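What follows is a short report on a single structure.
Order of writing sets the chain letters: A, B and C. Residues in each chain are counted from 1.
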């Protein structure tokens, strides 16, 4: 997917004033966010599970080479085929060639953000295959020609009317917009046919178990199960970091993933696939392919401070907790992964230069860190990326700060390095600002803080510093 | 084209090392638990399932209900078969499919269904089944009104029914028809996901891991349209769990 | 925080780190902080040379500008003994949680920062830890609500304690705010670099504040206080925002003078 991170500010500005999307984003808080809080309260050892989950992922990433080696060996032992893709193009080419070589006509897709990195459905449709998204949310946005808006609720921004128009323009009867059930049943009907004739499926992977070569899919709808039962070829695509070492680790990981994502105790379906079908089974794929993709993740891996972002299990809890995401929506982030985790992963993978607004778009409130089931310290990484865009010390290409901004902080530093100038600077500021203020507040602040007064009054600097006031009260110096 | 060796080498390099090192311990992951420990955990899980079956069944009834199963408790095999017939009748079911799970032959299901007039197909084929027969079974699953399976394990923590594949067409039976009925015997209810995966891990270490496993916890659902939950998007709209309290005819 | 060296404090003397914003923009908050601490029987010292902890530049990514300012802070406050009280969750967090990242290229500085951090406390944290939430007794006849500033909540770990302190004030009616723990949108320079997003987040906070129908909002960080007050004023609201130190000192004064309100 071509990154459009450069459009962050304009997309954000559009979304903030879009009332319908703002209403939809409210659901993200009342539904998913509250759901996680309720589930956490309901789970007596929740904090223990988070600690354990973090430790499992820390260990796995710290030995990712070893576990990739183990996983791929096991998958092949089980009769599957593993393809290592350095980048999205390679992955897409492999899958497309496979489909061609096997005379595939219809490809069904289920639950894969990684496939969005390679714009798989779009490209396969262009190449003459019928590639259909089967997750209801993904199906809706495929019909709309859009990209996902949220990690687990891709069509969260669409209204019922939007959906009705997409599913069938003639479906709306007069002014009445069909309810969610009618629309869902219509989608079920439309996709049933597709399932029955699908020859190949492409799914994502929630967890790949290294010791047994198993992949695990978490869904609520059943399209994941359809994908692993009906077609003769099943291709699973994964980011290289989605590994857990042991089958037993799944009980911890499934609990923290699902409860953090939707608040459910467990998703309706959890499917564990250990390779192609066994000889005495009749349904199930004859062929199982696992595509393990890097696509820039080594850039996160090689940086000890950013490495933790690879612990992400893609639950979306950070999005739901983020006051910025809930205002700007998913598309503003310009690539596959929105929200706080997107603000780390997207710039590093697609280029910090064009994506410098992403780590800047945060009040550093820490709600993401608090929400993360594996305790990823996102604010700390945002600060690191801001350091790179501001000063570019290790890579000058990453510096995007303007000369004026650098000059301001230089002046700030000079002003803070001595008490005398600190006081003088403040008193001069007071004198300048006073004529423009009433009762200690200004309607229009001067640059560089003029953005403030677009929507808020700005307070006047004090006439007298605290130091001066305390000294007047005869407080002793140290 | 990337090959495995260069891909993994790049990962090793990114980790700041020149050679891959093999970890030998970590407190959080179970991968370093040896076979004896894995076996002990599995044995404990099964023993508990048996000794605590009464309380686990109570838990399962509650969690399955919360997960959206319609839960029924029957006293014996015959009652169970009758109940299945009555559910099928409620849905005006013409075409009913069942899997090859042993519990479905323990109960007099086939005779009860045939007597009621429903068309029952058993999807157990031999290894000599032709492609056409297999395709026919798959299509039948898509056309069926009701799919009936047994239960390999149940998980009380989450209200989950666990199914391993059976000979023949079995995965689709709990997925394609709009109604799914799962029949559970006592003693098959595990306390939590920890026990389930302990057993799976032990199976794996003994070279007995099944080709796939499906965990089912309620009817198929989605909330992708305006956050409204709707059941029955791709999988069954209605799922019934029949718990046979006694292994009696 | 490591275990305290002080048992029931064991000292009568503390030092105030005012923070640059309170020092030059809201000195009344600093005075209130001193009054409350003195009321608890402490002698409050003030380091005349203090300016800033370095956070603004650090948060904007300009670590090379932040570093000398932070180092200067370290040098100044290492020289004093005893607890250092900070009426700001974000500034206390900068010293305790982020100096190690800022100083990471210098082991010596990291060690000195860690050592100093052991006696740096946010204002309400300090009171809760050494005196208890019932220590401050006072009177204030008013209806207020409370906003949980993000760094105080998530970096310092102070949640309900300030509310307990407020509920100990006679006559003070506290209306809980919906989504009290959701950010106000300040975020330092973020508030002027991305003003539309900052204001959109603020709008939701203001709606929640107005829904409480409180006369005043109490909070623990001056940045948030200005963000919220500035927004309320722009809306034409009469709701006033004040720092917790201010309402505590006001309540103490009321008790002394026999008044119930200021």
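To be clear about the criterion, a residue touches a chain if its C-beta (ideal position, glycine included) is under 8 Å from a C-beta of that chain, and two chains touch if they have at least 3 such contacts.
Because the structure is predicted, anything quoted here is derived from the model rather than measured.
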item: Chain closest to the middle [Cα centroid of all protein chains]; value: A
item: Maximum centroid distance from subunit C, chain identifier (CA atoms); value: B
item: Pair of chains ranked first by number of touching C-beta pairs; value: A-B
item: Inter-centroid spacing, subunit B versus subunit A (mean Cα positions, whole Å); value: 31
item: Between subunit B and subunit C, centroid-to-centroid distance (C-alpha), Å; value: 55
item: Where subunit A touches two or more other chains, by residue; value: none
item: Complex contacts: residues of subunit B adjacent to subunit A; value: 1-4, 7-16, 20-23, 26-31, 33, 38, 41, 63, 66-67, 123, 125, 127, 129, 134, 137-139, 142, 157-160, 165-172, 175, 192-194, 196-198, 200-201, 204, 209-228, 230, 232-236
item: Subunit C residues within the subunit A interface of the complex; value: 15, 18, 20, 22-27, 30-31, 34, 44-52, 54, 56-66, 68-69, 72, 79-80, 98, 101, 150-151, 153-155, 182-183, 185-188, 190-202, 204, 226-227, 229-231, 233-234
item: Parts of subunit A lying in touch with subunit C, wherever the complex brings them together; value: 9, 12-13, 16, 323-324, 327-328, 360-367, 369-370, 380, 383-391, 393, 401, 405-406, 409-410, 412-413, 416-419, 422-423, 426, 441, 448-452, 454-459, 461-462, 464-467, 469-471, 473, 475-478
item: Subunit A residues within the subunit B interface of the complex; value: 24, 27, 31, 52, 55-56, 59-60, 62-66, 68-69, 72, 82, 84-86, 90, 134-137, 140, 153-156, 158-160, 163, 179-181, 183-185, 187-188, 191-192, 195-196, 210-212, 214, 220-223, 225-226, 228-230, 240, 244-251, 254-255, 265-284, 292, 294, 298, 301-302, 304
